[in-house]
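Here's the structure we're looking at; comments come further down.
As written, the chain order gives the labels A, B, C and D, with residue 1 at the start of each chain.
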Amino acid sequence: MLPWDAELAGRLDRTVIDSTLLRDNPLGDPHQRPIWVYLPPGYDDGTDRYPTVYVIQGYTGQVTMWANRTPYRRPFIETADEVFASGEAPGCVVVYVDAWTGYGGSQFVDSAGTGAYHSYLCDEVVPWVDARYRTIAAPASRAIAGKSSGGFGAMITPMLRPDLFGAFATHAGDTLYELCYLPLFGPAARQLRDYDHDIGNWWADFRSRTAFTKEADQNLLMLLGCSACFSAGPDGTPELPFDPRTGAPRPDVWQRWLAWDPVRMIDRYAEALHSQRAIWIDAGTRDEWYLDLGAEAFRIGLERIGVPAERIRFELFDAGHGAIDYRYPLALSWLSHQLER
Amino acid sequence: MLPWDAELAGRLDRTVIDSTLLRDNPLGDPHQRPIWVYLPPGYDDGTDRYPTVYVIQGYTGQVTMWANRTPYRRPFIETADEVFASGEAPGCVVVYVDAWTGYGGSQFVDSAGTGAYHSYLCDEVVPWVDARYRTIAAPASRAIAGKSSGGFGAMITPMLRPDLFGAFATHAGDTLYELCYLPLFGPAARQLRDYDHDIGNWWADFRSRTAFTKEADQNLLMLLGCSACFSAGPDGTPELPFDPRTGAPRPDVWQRWLAWDPVRMIDRYAEALHSQRAIWIDAGTRDEWYLDLGAEAFRIGLERIGVPAERIRFELFDAGHGAIDYRYPLALSWLSHQLER
Amino acid sequence: MLPWDAELAGRLDRTVIDSTLLRDNPLGDPHQRPIWVYLPPGYDDGTDRYPTVYVIQGYTGQVTMWANRTPYRRPFIETADEVFASGEAPGCVVVYVDAWTGYGGSQFVDSAGTGAYHSYLCDEVVPWVDARYRTIAAPASRAIAGKSSGGFGAMITPMLRPDLFGAFATHAGDTLYELCYLPLFGPAARQLRDYDHDIGNWWADFRSRTAFTKEADQNLLMLLGCSACFSAGPDGTPELPFDPRTGAPRPDVWQRWLAWDPVRMIDRYAEALHSQRAIWIDAGTRDEWYLDLGAEAFRIGLERIGVPAERIRFELFDAGHGAIDYRYPLALSWLSHQLER
Amino acid sequence: MLPWDAELAGRLDRTVIDSTLLRDNPLGDPHQRPIWVYLPPGYDDGTDRYPTVYVIQGYTGQVTMWANRTPYRRPFIETADEVFASGEAPGCVVVYVDAWTGYGGSQFVDSAGTGAYHSYLCDEVVPWVDARYRTIAAPASRAIAGKSSGGFGAMITPMLRPDLFGAFATHAGDTLYELCYLPLFGPAARQLRDYDHDIGNWWADFRSRTAFTKEADQNLLMLLGCSACFSAGPDGTPELPFDPRTGAPRPDVWQRWLAWDPVRMIDRYAEALHSQRAIWIDAGTRDEWYLDLGAEAFRIGLERIGVPAERIRFELFDAGHGAIDYRYPLALSWLSHQLER
């Protein structure tokens, strides 16, 4: 395997979408967003319509990172292409969507803290794609996939909009918040000792210097950013789900987070989940955020509400949270077979 | 400093107490318990009565471990003696109480899972000591101190029995359970994968071989043992506060644990806490169970209910959870000065 | 700061160099290599000649990774451009050289195990650049810089070829091998237990599956690759510097590695080092390979042989080995000022 | 199993030996040393003579620590007694020897830095025991056993004095110094940054405060102490085997350490090793000092010089360096069977 860029069998359109919904977003982030649309081999030579798979990034990810190269591996752009080029799976349009914010992510929700990223994805990106490409514009032919926070987005978006999405894949998606988020509160409270217990002081410091040169940066950024997404005040100010001096959960704010926990959303969105034709769930057994346990809890929840087992593909594999991009083409291939065409 | 046993200036009685309350305890643990009573220099030559400090062990500790030697340090038995021998503090009787169980500890509560250890301490050990030694048998002259689970015991016992205890010292005492206990659920659920998700299987395995030869042992033992203390069923069976497959908290069982969280007990036991004349709280800033944050939360709670600041001695110091025995004589000395005599 | 690609003030030529020296290399790696040549702002509008800074990658790095994006940071391609665009430093040509091999790296040496990468860099890349761009083709105007194994390459290349290079920058460059390499032998010997003590078995396994899905992969790859570079047999077979069963150093092979340790090369190459007009040395104080200590040892060695202190820029900073790309533009700016023009 | 002291079936004499050789030792440590002599069941009722097993402590250990209790385990004093009480092995006299020093240990060598601990053991303790107890005073009936530094002592003492010892057991004994000691030099050099690169400053600090309250303490103590044992100057000053600023090995001093590496001593002491009738070697496969690899190297060395395989008992087991006391009675039982009686 050569380490340099490979030619694609399909074609990748790298363009920009100008969002109306993201104009004047609270963080002043751009409303013109990169969007990459992959067209499978044969697309340009025919007239067929294709199912679509939307792909979203994890926390701090943005769309151009899909081109990043790592040693001895190929970017998903290329492994996704190979899924179709090899004939292993029937062609799909693959859409790489950007939902980055100044806090590192949007969690793909509408929030007074960051902006209307859920609506942007559903009401702007999807129609934009369907208008420009030969897609099959129906939920049975439209899936969404992602890892980590992207896996979270892939779980909740179809729950909220079953009229748009009829299948999804979550790789180590955020869920079971008592296990993945709550253990961060103690470390955060300690880290805030250096900032007079005020995350605003840390944020000002973080923005004033090279990012990620202090150990606290990763943890505090994620907690601040998720607070902006899940528990912003009416004016958009992120409210932390814990006491910054002791780390003790603040019940009312924490409850707002839990309301966004996919395992707790299952019953509320049972009907939407019943409408899904294909659900891929996987995670590494050593996931640092215990998202393997979250994955298991999500699967058990689906079983509890009666989602037929044959629609679910569940797998735990030997890995941590990082470097699991080799899982993405497996899910893409499976989804391609399940989507209606 | 020589590494071998030193002569004490005071005297240590090593004897046994025959408990009625511990007879027929659910685990079949001994009802005859070691008890060590330290008498300060001068005790044998005079007729004075002395305040008493009860000292309890942390999880998996039992009374004879107070004699363990570690390099370059001296056992608390000796550093406690020095507090009085040096003239730094007025003499106290120091009572080393055993509340070990087959699960490693009793948390100093009465429980269908382990036995009546709280009552044993309060209704048997205290009268036994007062009957045999020249103590001042009044709460203003009686304190209790401990570390870790012993610190927990030192917090709750005076809350429950202010008629007996009027002062206490907690070193890295268990509290703020969302930070110290909840993060153990994820690891435990993973560890139970090897045991078909059944902690009973692990317990059978643990008892059949050399203890602590598997990495899971420490974590599972503590969770099982605390379940026996905090959330045993009516027949004494420990009920885990989490789903053994996913680690998700079981709300009803977890609530029983939280009811024993000292920071949550403060309001219920405000009157008892108001009656305390001296409260020592400390912990290491790097405590692996975040008990420094728990200590801070406990202190803030005391302030909230109006315990006067001058009765509280609070300190965070640079350390983890282990090897902080050098803190004990500091608290003992301070308590000795605060107790009525 | 936007997370997407920025426009450069200068210009980046992304092209390919066809190497004669790398033809028929032992690993069958490509002899056509990517090469990126950056031309500073003003280059295209003038006729000036410029000093050149060659930039090389660390282990497992290849040239296209310079375009990788990480959150809240910008690629060196862009921060290097800004050094010149901002007027902070006078313009230089910056050449991004590829010396990747199937083992992950070449260590920029000529070796029977990997190929003639040192000669390729010195005798092919440098003349190729000088022939195509308006460089000042003299050692006083030519520098080389890199991090980790790239820092190693930046140290040894001017030692070997002072006729070509008159300045260099090493960021956490490999040196003091007893500290950075020897501690890997024990872990490697353990990891080889699963492979019948034969690294060939691991290599076959590694090539047969997704890379870096086993914990041993990173360590064994680097030891195998460096053995190919430093201690290949006449037929190119890598010889490990340790007994694969016990991890004990094999004195003769280990000696071949030590002969490539920059701190041990200082005396042999004193004259070449004296000829350098600018030497930048830095590393993070928490470098996982102790390359901060190596940096210090290298600096002390330069002092010992009498390199004037004013030619050396030395700094340790608070960081580990990773995520220190923000150091590169600092060195580039400094070198730009030191190079003759 | 009860956690309190058990009755022994045999008898333990706890007494003191007054050493002539340790008088005026360089560190001013006591020359009166505790010595515990265990006599097996039946000893007091008969006239038989018994083989003897000398047991020595690891680094920072002293003899009274053998009485320390740990949860769910019993002290070696008791598990050793059980070996004989159960009839599993024929009776031996077991002698617990103290060779502690102010630096934490003596490595059981004669040194200008600490004192004549090797001679004390061989020329004072052994005759003292043989004079007072019914031992079989011959090498074929005399063994020595220990763990960690005690395992080192158990390896080298019979090499130096085959006229005294004819069998030994090493549990995770120090050997293969490039793997167990050299990786400590880098951390030590960093730790010495806070002490102006002078270990004397650290030592003064260490002695002035509570021990082991700084992370550097363990590592620096061991390196200083072993320097006192292995590489003291003529006046007894410990000379570090590494440059305190960079961690680079100092070849001449490091060579003095390597001369004490059991795997390197094998050829020099081949005859003594050939004379051993029983050699037990074990270690945990996750030993933090890689002493499992050292154990393997030692075993391979014994094979190389022709020690018959049937005299060697070798085992690696799943464990780290700590909490492996449950291995001691296994070796004691085996040795008891091998010793001549």
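Convention: a residue touches a chain if its C-beta (ideal position, glycine included) is under 8 Å from a C-beta of that chain, and two chains touch if they have at least 3 such contacts.
What you are looking at is a predicted structure, and each value in this text was computed from that prediction instead of being measured.
With steps allowed only between chains in touch, the distance from subunit B over to subunit D comes to 1.
Counting steps between touching chains, the shortest path from subunit A to subunit C takes 1. On a Cα centroid basis, the chain most remote from subunit D in this structure is A. Averaging Cα coordinates per chain places subunit A and subunit D 57 Å apart. Mean C-alpha position of subunit A lies 45 Å from that of subunit B.
Contact with two or more other chains is made by no residue of subunit C. A list of each chain pair in contact follows: A-B, A-C, B-D, C-D. Across the complex, subunit D meets subunit C through its residues 176, 178-179, 182-183, 185-186, 189-190, 243, 245-249, 263, 285, 290, 292-294, 296-297, 300.
Interface residues of subunit A facing subunit C in the complex, by the touch rule stated above, are 2-5, 30, 34, 60-65, 67-73, 100, 104, 210-213, 318-319, 323, 326.
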